[in-house]
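Here the structure comes first, spelled out in structure tokens, and everything after it is commentary.
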Amino acid sequence: MSFGRFLAAAPPGGRETGATDVSKLMTMKDAIARFVRDGDLVVMEGFTHLIPFAAGHEIIRQRKRDLTLARLTPDLIYDQLIAAGCARRLIFSWAGNPGVGPLHAFRRAVEQGRPRPLEIEEYTHFGMVLRFMAGASNLPFLPTRNYPGTDLTRVNPGFKKVRSPYGDEELWCVPALNPDVTIVHAQRADADGNTQVWGLYGVQKEAAFASRRVIVSVEEVVDPSVIRSDPNRTLLPGAIVTAVVHEPFGAHPSFVQGAYDRDNDFYVGWDTISRDEAGFGRYLDEWVYGLPGRAAYIGKMGARFEELKADRQMCAPVNYGF
Amino acid sequence: MSFGRFLAAAPPGGRETGATDVSKLMTMKDAIARFVRDGDLVVMEGFTHLIPFAAGHEIIRQRKRDLTLARLTPDLIYDQLIAAGCARRLIFSWAGNPGVGPLHAFRRAVEQGRPRPLEIEEYTHFGMVLRFMAGASNLPFLPTRNYPGTDLTRVNPGFKKVRSPYGDEELWCVPALNPDVTIVHAQRADADGNTQVWGLYGVQKEAAFASRRVIVSVEEVVDPSVIRSDPNRTLLPGAIVTAVVHEPFGAHPSFVQGAYDRDNDFYVGWDTISRDEAGFGRYLDEWVYGLPGRAAYIGKMGARFEELKADRQMCAPVNYGF
Amino acid sequence: MAGYTTSELMVSRAAKELKNGDVVFVGIGVPSLAVNLAYRMHAPGICMIYESGAVGCVPKRLPISIGDPCLVTGSLAVVPMLDVFNLYLQRGLIDVGFLGGAQVDRFGNINSTVIGDYAKPKVRLPGSGGACEIAALARRVVITIANSKRTLPERVDFVTSPGYLRGGRERESLGLKGGPELVITDLGAYRFDPETREMVLVSMHPGVTVRKIKENTGWDVKVAQDLTETPPPTPEDIRIIREELDPQGIFLKSKAGS
Amino acid sequence: MAGYTTSELMVSRAAKELKNGDVVFVGIGVPSLAVNLAYRMHAPGICMIYESGAVGCVPKRLPISIGDPCLVTGSLAVVPMLDVFNLYLQRGLIDVGFLGGAQVDRFGNINSTVIGDYAKPKVRLPGSGGACEIAALARRVVITIANSKRTLPERVDFVTSPGYLRGGRERESLGLKGGPELVITDLGAYRFDPETREMVLVSMHPGVTVRKIKENTGWDVKVAQDLTETPPPTPEDIRIIREELDPQGIFLKSKAGS
């Protein structure tokens, strides 16, 4: 059940998966080494929830370069990638430390070109969602009633108008976005990448379907029978997933509904850490370059993870019988 | 939590709900009497699954007239409405008795104008889904890569072309469809109409959001705490629901995942019943006009419902704690 | 004759067209039996998708409609129809779509809308359903239909689902990829000439003659130089169809299904 | 001063703007506190929606971001962001959206993108997020911002989120409905003239003078004939804010939030 054969050859909506007879289950190190390439258009999605930080750290560790990073909210994950010099270009809609303040590395790159200049391509949340949806639907664009009067359409030539063939209305459109690779974190998947998510959905489904390659990291790798017990819960079919990484706590400092809470102290503390390049460098040395992977990161965090663990509040189960 | 106030005034995408201080919970008789009007554009959705037959029978019983009926697969439910003389126009994409053969009342109306002529407006499944989605998104149209070469675009002026502002491509478009009333059946809802569905989703969500009024009939009315225990399961928010009807077995002869199986003998038998107008008339007299409502229908079916009851196959529950 | 029915032969032939790993848009009847046969024989990695939204189905009984509850129970995913069409079909994820119809013509165009004029039809058929988009957007299309002058006319009365239109490069020129690859009838199997895009007879079922084919086709159909006999279903094919897939003989007795 | 802070006054004033039954697009900080205060006081039928996809939230703690897990647990629905924007916001289901920004101008346009030139900004701000679409597509918009010549210039450096643009009928002529209805600052509250669409001071907070307002506004702001004093928060308002909504004083101590 792999689309590798034909999709590898189909630009720009193409899609690649690993060889069909090899397991998709691999380490984060292998997944990033094999499926994220210098110069790629990379999307790491998750709106507040399920942000794939472990994958972001591995990209930094492997010193990937010249990436175009796309994401609604660059958040700390892209701030770190920008500070580490991985990014050449950023496609986004809201660049801040949510609930705390600005993203300092982002601002240094845009305002001062440090550590390297960062090209920006700016939409809005709705615009980014529609760009992913257009890409996922193999359409060149999607229209919206949004955008009359905003200066965003003046500074970004990506916005274009279309006249409705059903009357005189003109609508603004956004162009499809088809990433080379999309990385998402989820509660659980089976070894083939059939992936289930609950809580906030964000735009992970649309970004993944729009993408040539998809890496999924999960809190738990489960038997297919767990997935099959609740098929409406499946967000991504294994058919579009290239690699599956078992990475518990892979979303810290963001959260995973039902597993662990957001580490808000980390978000608040980040404002100080990231305020100057030296502080940023020390963080990366200690927590990214200085560690081999997520397991070591968890060990180093120590008891903190215990404090973040979620309470138990189970849903009412439903009957799928016939 | 009602959109009634402003939406009643907003054509063509407007929306009406009942008075905000009156319960939405009512009998099918009241819901159809109050919210389905002669001449309305009515949608009763549910793709094979969850077809709102109890509501269809009540519309026949109340002798609503001049309806425009829209639905991907008219199925037996619209065949009955057509035979009963309720319909003036049909918007659809596949008119057959699934797995059995043709819809005889539909064919009589189209081929011979009996019991009255039926105007038809014909799309495809994808086109109907996009029409509802455009309506639900308050857009005049949506584009697709479908339709080059088909004669459907030649006979239906509803299809129009748009040139992509991102390159030279021309794409076919379908126009938004905004029903006066959409009726769906579901496994469960709370008294405010927060409605949960599992199994096949069809296009109920898109049709309901596109609609001015929404009637939901359910197998079970539950406490809001059941809905709130699994918010990802909610297909429709109470905010867009006008009326909630408790109507167990309201989808027979179609099925409800986890509750009862499709009554295939009925579908097969229908081919004989509906083959001539006399047979059809006898069916309507005995099972629709001759009964006051669904409870009587269930009583008359007798042991048949026991045979159709679903086996138990519960999903693995998930944790929503934090 | 020979221990198998024509329907079983068609199912067996269609199953052979499926590769392991194919993502298949499944219909009811011959397609459903063919996909399930392939899944049990040579293609355990096949992924069944139904336009009703069920993905990765493992039906425990023969589905009696494309929205049968047995397609949901134990499937890998159930998705809204909007996703089926946008994210799977239009995105290019469907390898094989099965289609039938009332008429198929010389260039693989399919009619399931009307016999006669659209405004005043002699026979009103069910219409496209999802057929038009499957024909337009799946990578390969396999067609099953009866072999007669009525069902295989030179030109369909109405193009519901585009094949190669009037042949040659016309389909491509309109931006459509893929197209019909194989037509299986009760008499033989046909493929499409890579240049002219015309249907060509490539195999005849056991006992059928070219003359019988020509008498039952609406134009002077071309015959492949390497014309073969359609291989009959193996005993194992027949056993699986009769004992596992359709023990009640529902589809193999009837002609219905969609 | 008088037993309440300016932030508490702003929260209380914003809460009064909400009607029972309103469907409100909630942000973090003042908007979140205001909606939760209204919900506990006079509007138990209010429906909170967050752009993260949580609908009908009943947060058990003060949400620290618009995607806080406490918004999910026990909510009525959680939907994809595509649905939030298409089916709720663009469809016209959102009564009230709260917005802030770095600058708000005379006609209610909001800048949260850059100070200075876009290509060479003096200060790069976070950008629109969902603000542009809320400003364009919600029925009513309530703005909260500090009152200074820097934050209330005559014309914003960049229109991130459209208000009445250059006033008069310009917003309408572009097909946009709704628009900003109320601006709440640390000094007073403003509404928009129905003809010119210019911001007009309608109430001053206790102790504030017209002169202070004029000294801290970037243009010669008009004053309503029936100018009033903003009603201070009631003791019950203050109790709820301090004891129930923000017991740790997270937002009322800081200026952050989005």
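Should a chain be cited, it is by its letter among A, B, C and D, assigned in written order, with residues numbered from 1 in that chain.
Criterion: contacts are C-beta pairs under 8 Å (C-beta built on N, C-alpha and C of every residue); 3 or more make two chains touch, one makes a residue touch a chain.
Keep in mind that this is a model prediction, so the values were computed, not measured.
Within the contact network of the assembly, the step distance from subunit A to subunit D comes to 1. With chains reduced to the mean position of their C-alpha atoms, the one farthest from subunit D is C.
A comparison of the B-D and B-C interfaces places the larger number of contacting C-beta pairs at B-C.
Subunit A and subunit C have centres, each the mean of its CA atoms, that are 39 Å apart. Separating the centre of subunit C from that of subunit D, both taken as means of CA atoms, is a distance of 58 Å. In whole angstrom, the spacing between the mean C-alpha positions of subunit B and subunit C is 29.
Looking at subunit B, residues 133, 138-139, 144-145, 169, 198-199, 201, 205, 229, 232, 255, 257, 261, 310, 313, 320-322 sit in touch with two or more other chains. Each of residues 54, 69, 72-73, 78-79, 90 in subunit D touches at least two other chains. Chain contact topology: the protein chains form a pattern that is neither a line, a ring, a star nor a complete graph.
By the definition of touch given earlier, these chain pairs are in contact: A-B, A-C, A-D, B-C, B-D. In the complex of the two chains, the subunit C residues touching subunit B come out as 28, 51-54, 64-69, 72-73, 78-82, 85, 89-90, 109, 113, 118-119, 121, 123-133, 136-137, 158-162, 165, 170-171, 174-176, 256-258.
Considering their complex, residues 1-3, 5-7, 10, 13, 15, 20, 133, 136-139, 194, 205, 209, 224, 227-229, 231-232, 234, 237-240, 320-322 of subunit A touch subunit C. In the complex of the two chains, the subunit A residues touching subunit D come out as 47-49, 72-73, 92-96, 98-103, 106-107, 110-111, 122-126, 129-130, 133, 144-152, 155, 169, 198-203, 205-206, 255, 257, 261-262, 264, 310, 313. Listing the residues of subunit C that touch subunit A in their complex gives 21, 23, 45-47, 54-56, 58, 69-70, 72-79, 86-87, 90-93, 95, 139.
Touching subunit A in their complex are the following residues of subunit B: 138-145, 160-167, 169, 171, 173, 175-176, 187, 198-199, 201, 226, 229-230, 232-233, 255, 257-259, 261, 310-322.
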